[in-house]
Amino acid sequence: MLSVPPLSDLVDTGAFARDIEDDRPRLECGVFGIYGMDDASAVTVLGLHALQHRGQEACGVASCDGRRFYIEREHGLVGDVFTGYDLTQKLQGHSAIGHTRYSTAGGAFIRNVQPMFADLDQGGIAIAHNGNLTNFMNVRTKLVAAGSIFQSTSDSEVILHLVARSRELRIIDRFMEALRHLEGGFALVALTRKMLIGARDPLGIRPLVIGKLNNAYVLASETCALDMIGATFVRDVEHGEVVQIDENGLKSYKPFDARAARPCLFEYVYFARPDSVVNGKSIYEVRKAMGRQLAIEHAADADVVVPVPDSGVPASLGFAEQSGLPFELGIIRNHYVGRTFIQPTQHIRDLGVRKKHSPNRVALEGKRVILIDDSIVRGTTSVKIVRMVREAGAKEVHLRSASPPIMWPDFYGIDMPDREKLLAANHTLEEMRQMLECDSLGFLSVEGLYKAMGHNRRDPETPQFTDHYFTGDYPTPLTDREQALDESSSIGQLSLLASSN
Amino acid sequence: MLSVPPLSDLVDTGAFARDIEDDRPRLECGVFGIYGMDDASAVTVLGLHALQHRGQEACGVASCDGRRFYIEREHGLVGDVFTGYDLTQKLQGHSAIGHTRYSTAGGAFIRNVQPMFADLDQGGIAIAHNGNLTNFMNVRTKLVAAGSIFQSTSDSEVILHLVARSRELRIIDRFMEALRHLEGGFALVALTRKMLIGARDPLGIRPLVIGKLNNAYVLASETCALDMIGATFVRDVEHGEVVQIDENGLKSYKPFDARAARPCLFEYVYFARPDSVVNGKSIYEVRKAMGRQLAIEHAADADVVVPVPDSGVPASLGFAEQSGLPFELGIIRNHYVGRTFIQPTQHIRDLGVRKKHSPNRVALEGKRVILIDDSIVRGTTSVKIVRMVREAGAKEVHLRSASPPIMWPDFYGIDMPDREKLLAANHTLEEMRQMLECDSLGFLSVEGLYKAMGHNRRDPETPQFTDHYFTGDYPTPLTDREQALDESSSIGQLSLLASSN
Amino acid sequence: MLSVPPLSDLVDTGAFARDIEDDRPRLECGVFGIYGMDDASAVTVLGLHALQHRGQEACGVASCDGRRFYIEREHGLVGDVFTGYDLTQKLQGHSAIGHTRYSTAGGAFIRNVQPMFADLDQGGIAIAHNGNLTNFMNVRTKLVAAGSIFQSTSDSEVILHLVARSRELRIIDRFMEALRHLEGGFALVALTRKMLIGARDPLGIRPLVIGKLNNAYVLASETCALDMIGATFVRDVEHGEVVQIDENGLKSYKPFDARAARPCLFEYVYFARPDSVVNGKSIYEVRKAMGRQLAIEHAADADVVVPVPDSGVPASLGFAEQSGLPFELGIIRNHYVGRTFIQPTQHIRDLGVRKKHSPNRVALEGKRVILIDDSIVRGTTSVKIVRMVREAGAKEVHLRSASPPIMWPDFYGIDMPDREKLLAANHTLEEMRQMLECDSLGFLSVEGLYKAMGHNRRDPETPQFTDHYFTGDYPTPLTDREQALDESSSIGQLSLLASSN
Amino acid sequence: MLSVPPLSDLVDTGAFARDIEDDRPRLECGVFGIYGMDDASAVTVLGLHALQHRGQEACGVASCDGRRFYIEREHGLVGDVFTGYDLTQKLQGHSAIGHTRYSTAGGAFIRNVQPMFADLDQGGIAIAHNGNLTNFMNVRTKLVAAGSIFQSTSDSEVILHLVARSRELRIIDRFMEALRHLEGGFALVALTRKMLIGARDPLGIRPLVIGKLNNAYVLASETCALDMIGATFVRDVEHGEVVQIDENGLKSYKPFDARAARPCLFEYVYFARPDSVVNGKSIYEVRKAMGRQLAIEHAADADVVVPVPDSGVPASLGFAEQSGLPFELGIIRNHYVGRTFIQPTQHIRDLGVRKKHSPNRVALEGKRVILIDDSIVRGTTSVKIVRMVREAGAKEVHLRSASPPIMWPDFYGIDMPDREKLLAANHTLEEMRQMLECDSLGFLSVEGLYKAMGHNRRDPETPQFTDHYFTGDYPTPLTDREQALDESSSIGQLSLLASSN
């Protein structure tokens, strides 16, 4: 019997549906913050545009003028939500944080949209969070039992309540005390009346970088947001580091026990933008290297290398370079076809509609095609693309994944299906080849991926990256999950609060 | 120096402006609840239609199907917010509560719109509140210091936090413990998974009635909401009474020390609908009696009795009956002219536009007019109406108020201006007559009002009604107000929490 | 077999439903115009507020700055559509016309919302129209055959096309030539670059008045719109008169053969606001006179006179005065319950919900009630009110109609049901009494109505008013109707165009 | 003095602003039609998704069930406008046409959004139009003088009026008569109760193709719309051909004098999607050929070939192939940054914000870059990109345009700036090189472009393509333009109408 309570009794109006057919892993968030600049909210909106790929369901900005906070949050793309010419009138001040969101934990309700805000007795605090806490339910249950009222079902609100209940005097100390209760992966930006705070979990699973724009400090999930606003890259926030930015500049704290970093490999494989540099590595270069390594591991006798756009392009360029085969745009992506694509009747669904991708016949007809995708999750999209390529006239289709087989679910902020739906977790390579209807199938090896990342090999003792989706090696405890599986869970619900006194 | 902190650092987007020209006192709310009926949310919406006069800025409904809660809240009139034919799909269940709102405490933000909801560890609770707490800031400050996070600036949320932090086991006991921390006037409806709760403050300042519709129990601010849905009136919730309605029927609690009731006189003078019966008295009859008494106290040599519609009509009928003068509709109310009435330029404002009232010349021309309004607050509307009547040809205008001079502000849920703006608080009768530009002016006396209410006289020891706006005799402590005026306020902020452990 | 073609092949999106339960006759429109004033569009919006009772489904304003026209039209009440503070920015100029609409002809599509506009080769023209043309289909069919493209299904667009095709040189002559093709009832305002035009049909069926506001001329359906903006009444536009208002002042034309006026009686019975003066007669006084006459014709042994609010109030005051019985507000109108009132399930519909009216028990209980309504159409509302009054405790209910039995449909701009649904057209008085469940029933006589209007008797040769709904005596040909009934209609479709060349 | 009148006196509300900074030529429309299929409107919406690149400001669909027409038109992207699951309920029938729009002629008003509809006396007709008429004003002026009322300022409405006024008996003959009055470029789809019509101007300037989906015929601007819905390509509609599709299948007409085709080259250079086949030529292959030819004409000593995405990619692949240099994604396109990108203050504008493109530093740093764009119009975008590439570390930037210098404006449906703003029309190559701040600059030659298109050379007598933007050789008269320039224009305004009688 399941001992985990439902997250909330409340069904708010205003939820929105996900496109359940979609077969992409999804990140839940991008975050951005700036301190010490006129029109801070407008710069934040610009930064969020560059982070739109990290979350397209909702977005929000909170700003502060040193005394009051201003906040605006909506479902929709950044460009649809923040359109008004009165933006800087409505969201005043010299500091701001922002958030783009795809929901994993929490559900698609407007009250889950970030940034979130709390009035503390020392003044307000707003936070925006990328990542996922693995002990969220555990902490939330204790807080509710102690009388905290949650307005959202988001794991981010837990952090606010922990800060609110801390008895430390300085807000930065209250913030760090709150972080020490958390397990999982997180990159956080927080805004108080006097400062901007950035924080990364002890393993640095989720990314966060520091930039400067004239005299203002900037925090962002990826460097592409710095490029967008013309800011210069300073450095990554380190794993386990908390940075405090105020009128005295930047100050660094290390509130956690020292550990080696283990950044998430999927940022490199799929999430980050190709023009970003994450933890010192160019995403574009790394993906080309994955393609070259894939060509070494899984060559094929073929005529053309064709990417599944857009994410498969850099690996395809690497594969083409290594293999000497020509690179061709055999598939065209429909950039305008989004979540709202309509398929009202079975009759329409049966037409074989090309949603996100269309075949470029001239580049496929009569060809032996090496088709390269960044990864294969459930395989439902892959088989459609293989079929489409074949129907467009390809003689052979050799499918290649520029990352290893995905075998295990993620709990750190990536929205993946359950294990029973992960293709590679449930089938042999030959079964997969038949299911995906391709002439040959190849995945980059885990060791090959580490090579592409610049390491000789994966260190099995202290792996250099978070890679559980490929290996099952989770980098942190999975408290909520274990508790959900554990019938006899009877944890003393108030220990947390006791310890925070 | 003022020691009260600002309510919140947060400026949310989505506030809306009040019509600052309006010279009416306003009630903040009407509440409604039903337990044990199919389509409970739809019945609740019907009930809210009948309570629309108690709050036109926003409304909301929360329903419960025994397991989950469903909630919808919006700015706007009930008929504009709850239009969908999918209402009962969206707001499911056999019990529901609803709320219409005009904001006094809290400001006009969407997050202040009620009902409000909290997940407790025993399950959710939703509340809707009519009235105002006079120690709201005091309790809120203590709760924030103890780590509670407030999402609204409404005094109603204080009640939720007190319930959440109570250590009582039964939810009804937690609810009553919370109520004992409150000062002021309140009529509350609350919904849990298993029950509907109604409560009235110890003095019964705000009204609340019980009805039955087939087997279902109904709670409502006024009997007109019972009439709207075809329910029968059972009785008033008594002052200081808490009623618990569940599958076992209705159960009554008296959590407060016994005191005599002091219902608010302004419900009779202005707020309640004429077809309602409040605390056993017909509003229509009482208002006619006020008019008759007014005719006795302030007769005039005149030709016609003309009401300021709509609220002045019953008193005018009484006055006409007592005086033998004909009753005429000398002023027509523009029912379609609401909050959004446009006056874009000074040029337009100078035109002398008739907003809410138009003169019916044929009933005024050449006449000596007795003009009857329910009350006079700042006098800004009254003078415009007097002028309009005179410009329409009236020979004389004798202005009469069917209630005594308003001298003191209210803190129990009526939105009145500060004392310095109350006409009667700052001027003699003759000054007022000159300012209102009328030929004679008369107010009903306090003793006359008590007579119209069916009493021989006001009992000065234990007055039968809340009447401070006329007398300055406030029925409860005014903790927040005193604290705001008291420079040296240094209350031990955690005593409340200590006592609730 | 019906020979009339469907009005249009087009089903536009954006239609809206009527409240089919409603048992009121409805007017289709109010019109307003102003020439020679700053912020003309804002003044027009104010005027439309006062004409809101003449049409609540949609509204629109067109303004002109002497060179360009600006137009805005929407579904909704005036106060909901014209809210913006940028109104005079968007709708510029010193002249403007406006329209409130309830749709009879044309259907509820946005492209039918007025004012309508056309670019002529001499410059643009906008028109707004109150009334209904009885040869609309006939003219439209001819125009379509000659190549005119209609964008709406409104009869008003016919006028624009006739103006556009006229070969007269001056726009006022083109306008008058167009009017000569029309049959039916109309009050029109039109705006060109240089002038404001007003026109009334040859019988003056629909009303239109002239006012002045400083130096600006105003046209409006009723005088209450003049009062709203502070304008003074000048005179009625005469029946069959066209007025041209431009920088040289007002000029009058009489383009039709001279005939006696026959204004519509229903304006007096129900449509016009009580504070309006129509064709020199005060609506309020006339209705009181109807009530007095009704008391003479249909007295009853009773305790109280109770109006069906709001339209029954003046007649009730007259009845009470004549009969010496007390006037009581036994029924309260719910002003907030409009078109959107929700009744989602049969279960809810069966509750006996009080929609527009609530009983005021204290005024009804144990009483013999004379219940007065302005008119009885289908009787569906009346029977509900009689039942409601009885359920509230009335001992007897004597229903009185302050107008004669309605026997015939209208074709001049009043939305009434077909003849088979008109109660009085299909039943004897005793049958009606039984169906309406009242103890006695009385209608004002036609002669009594003419008396209340100030005439000794109805002149059967040339009746003083349009009164076909009571008498069947239609004042104009009913071309479209006859053609629809005439199987062998084979009219030369191009004769009109020939004549206009 | 200018003799052309303003298009309309009317300023409607609801216009929307263009992004005036944008430096792309724009097409005004894509069209789609289908006959003989269930859910025709839903298939049409799918087709419009694939044509979204041809117009992103507005879209519309009209369907017909054989008797009535249904229409919906809105500003916005197809995916935003047509989201409802009730689409096929609202837009019923077995035939439909659709339109995506970017406005050149007509202005950005909702009443200009297509399809447009007219009730004729034989029944309704809806049309959707891609292209631009060069004698639009001339014809419109005559029609207005003859009494036609225009509801839009779009040139498409002219066609409807010509059809409406034709005295031919069959609708297809009326349609063809109308077309014979037109000059310019057009691809039209039209829908009547019984048939779908497609038409292409005598030179075939704008494209239109025929497909089949099961038994249904499909018309679309590009083959990519056929691929989207799974239809098979049948053939292009020929230049000067009118096709009539009804229950008897497809019938072809040739209403114009025979001439050689001259399709628009810009479809190949920029507009059409790379996976489309236009007039028998693969866009992708043609663009690669342009790149190869460009490498032959304008080689450079460099390290990498970098496209300006997305339109420069195929030419870059061709250039890289021909030159042997590596192809690199040195610039990343921000797909989410659209029209609504916010730049509220000068301060923000000065930041050097990267709107549509971001640099991929790792691919540019220290490199000699050949930068390839499809074309250069005003040069304002090009110089920003050159700077951005240089700031990202490129040692040299060699800019190449895969099309010849643009010297002349277009009047056939491409939105280009006036001649004085066309960079190449006003500067020498060296001036341009300096203004664009590049190390070298090269344009594909006109002869090279014809080679890439598969011809040995441009035929100067009867050029194979419309190419006036490069050559000044306009393929049709420019009546409106000449009339606007001709002071003494005094054309007999009614000759057209005379001839159509």
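Letters A, B, C and D mark the chains in the order given here, with residues in each chain numbered from 1 onward.
Simple rule for what comes next: contacts are C-beta pairs under 8 Å (C-beta built on N, C-alpha and C of every residue); 3 or more make two chains touch, one makes a residue touch a chain.
Keep in mind that what you see is a predicted model, and the values were worked out from it rather than measured.
Engineer: Moving only between chains that touch, what is the shortest number of steps from chain B to chain D?
Structural biologist: Between chain B and chain D, the shortest chain-hopping route counts 2.
Engineer: What is the chain whose Cα centre is as far as it gets from that of chain C?
Structural biologist: Max centre-to-centre separation from chain C belongs to A.
Engineer: What is the distance in Å between the mean C-alpha positions of chain A and chain B?
Structural biologist: Roughly 49 Å, centre to centre.
Engineer: Between chain A and chain D, what is the separation of their C-alpha centroids in Å?
Structural biologist: Here the centre of chain D sits 38 Å away from the centre of chain A.
Engineer: Which whole number of Å gives the spacing of the CA centres of chain A and chain C?
Structural biologist: Chain A and chain C have C-alpha centres separated by 62 Å.
Engineer: Of all the residues in chain B, which ones touch at least 2 other chains?
Structural biologist: none
Engineer: Under the touch definition given earlier, write down the residues of chain A that touch chain B in their complex.
Structural biologist: For chain A paired with chain B, touching residues are 8-13, 67-72, 90, 117-121, 123-124, 141, 144-151, 160-161, 164-166, 193.
Engineer: Given the complex with chain C, which residues does chain B contribute to the contact?
Structural biologist: 38-39, 42-43, 45-46, 49-50, 52-53, 56, 77-80, 82-88, 213, 224, 227-230, 273-275, 277, 282, 284-285, 313-314, 317, 321, 326-329, 332, 334-345, 347-348, 351-354, 358-363
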